[in-house]
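Should a chain be cited, it is by its letter among A, B, C and D, assigned in written order, with residues numbered from 1 in that chain.
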């Protein structure tokens, strides 16, 4: 993509705003799910913030669709954007991208590949895990025969899922909770791939460097 | 293998027909297992379709045996075909191969290696997982002391097995169900290998490309 | 090691005998553990076969110690042999080595690296898993509060452990059973490493080969 | 870092002392946690030894902070040291580093990369696992509805967590226990990455060596 195209300019300008909006969305959702005892006014404000943030995401999507000059193909070529529009809880992942951009502008040297993979996969997994734990807690805690009764249970269950340990002492029982769980399992697999893959590549790199340093006959 | 040999020609001609037959087999099996309340006529039609599809697989196997000019060695050298003849639920995996062939004929550029691995392993795992969930549900749902009582339970159990999470809140209790489960565990391991392996190779590739782009002194 | 040293000659001569003895040991142990209803004479014969096989392993160990000309250092440098002498159930793993040697003598072409890793890790895992399932069944099936009551349970538990799925519907409860379980978990990890590692190396190989075939400008 | 800087000299001089102190800390903690029936005097002595060791760690941290000439930045750039100061149970990991240094001074040839990774990851995991099992046992064994009642249970649970098997027959129920558990899961993932990564790099190395030995036409 050309760096001076209208799309690129739009994306550069809205980057930070959208990341902040995503965090506002997540924070409002958190207050809404965990704040059982809060006054109705606060809860309504949170709901309003969530809807406003969602609307903003919709506007951004519409503008980029328009700027792209594509018709229905846009939905397919930008399937990741479409998915994130439907599931705005995945939005905060954008923060990872913005974090990198900010680091680069401040002239910070880039981390080595394996360090970057570990930092980004940790950040992404924390955000996805937190959003997943919230969503599972919301749909499970009042279900009949539920075992995930507190937010602590939900976080504990999320950790055991993302690491593919899977104790099974607390598990979702509703269809919605299980659907979210399957998504988290996929993330757990990807995390495992990221950790083992970057470790493997780092080892290979260390090894080839060591091989270069030594004289051939040693 | 020579591209113009009778076997190759036979395979090219029957490719699409067999893939469609495999999907018909899977669809009929799905209706048969899940359609408890359907009228007997529909169920009989499904059973007939399944048997007809199986017969077609047998004819294909026999023709290819004949064309190969081999005797009993054929069973051993084509052990994958033999296995698939005995367990026709694995047949739909062929669709993955056909999908690739169709993509190529339409002149679509091939995806990069890691993308192809991820797409094909996802497709294969979805098909195997669906067939496995169906089979486990069929043998388990009426067994004494069973914990897999609905098809939803079976899908949930399959997902937790394929990702090697393994909660153990629902587990097969019959010998047949456990045998299928062991097969699915093997697939889970292979999936993990595919995901981590392709991730690792992609990382290495990104890394070596970055190393080339920068001047040596930076 | 020199190929014509007395040790090498001894090892080449005893190779097949020891592999057969190891299989006899495993078979006798199997009959002893699973044959509850067999007459006492058969069980005594099995016990005698086991002890005889074990004695043979001891003789082999002693001869090799003598031939090596080492003192106590032998125990440390050949720690794998020492371990296998103490835990003769691990002996059948030797079969894998003999299998390769036999393949080579028959002039069979060697498999590619990833295929060999997959074949050998499958063989090793099957043998270790079978021996582990037997041992766990023996120590668990009569323990109070045991959940592993039949050999089928034990095999099912072994499969779920080796694939690191770990349902936890049946688990060992005795200290001895859990010690064996920890050994099997280690094998599970190594198996995972073998599968993912060989898959990764195979992918890289395919990739670099494809890169060579295409013209540089495409 | 310059090898003759005051920091480097301080680190070289205190290396062995600190490693011994760390082992004293771990041993005292072990006695304190497991020695329910010991006389109060022994328990007090252990507590004193623990606090003295901790104080020594604090002194070492302070000296290094001073020598570095940095202000608050030191806490961030040496975040690993800071973490280890707060959680002294992680200290014994230093032993791994000292072990390598001692090996090198004795003129022992370095192991190959994959062997080193396997040895160090095994050592680290054993130490972390032991410390984790102790800590989980301490916080869990007296909690209401606890399933981890003996130290044996705790060790068993730790093994099943570190290998990501996760049976779930015994699991922590307190918040503190679960927090430690999440740390151990992270270690389990890293261990898996170490094992699979080093296996993969070893395979690639074996493969490229084999490729060099054979004539190109074979």
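The rule is short, and it goes like this: a residue touches a chain if its C-beta (ideal position, glycine included) is under 8 Å from a C-beta of that chain, and two chains touch if they have at least 3 such contacts.
In UniProt terms, the chains line up like this: A, B, C, D = Potassium channel domain-containing protein.
Not measured: the values here are computed from a predicted model.
Colleague: If you average the Cα atoms per chain, which one ends up farthest from subunit A?
Modeller: C
Colleague: Count the residue numbers both subunit A and subunit B use at their shared interface, divide by all numbers used there, and answer same if that is over half, different if under half.
Modeller: different
Colleague: Could you state the distance in Å from the CA-based centre of subunit C to that of subunit D?
Modeller: Spacing between the chain centres: roughly 30 Å.
Colleague: Distance-wise, how many Å sit between the C-alpha centres of subunit B and subunit D, to the nearest whole number?
Modeller: Their C-alpha centroids are separated by 43 Å.
Colleague: Could you say which residues in subunit D touch two or more other chains, in rising order?
Modeller: Residue numbers touching two or more other chains: 164-168, 192, 196-198, 200, 204.
Colleague: Mind listing the subunit A positions that touch subunit B in their complex?
Modeller: 113-114, 117, 161, 164-168, 171, 175, 178, 181-182, 185-186, 188-190, 192-194, 196-198, 200-201, 204-205
Colleague: Would you pull the subunit A residues touching subunit D in the complex into a rising list?
Modeller: Answer in residue numbers: 152, 156, 159-160, 163-169, 191-192, 195-200, 202-204, 206-207, 210.
Colleague: Could you list, by residue number, the parts of subunit C that touch subunit A in their complex?
Modeller: Residues 164-168, 196-197, 200.
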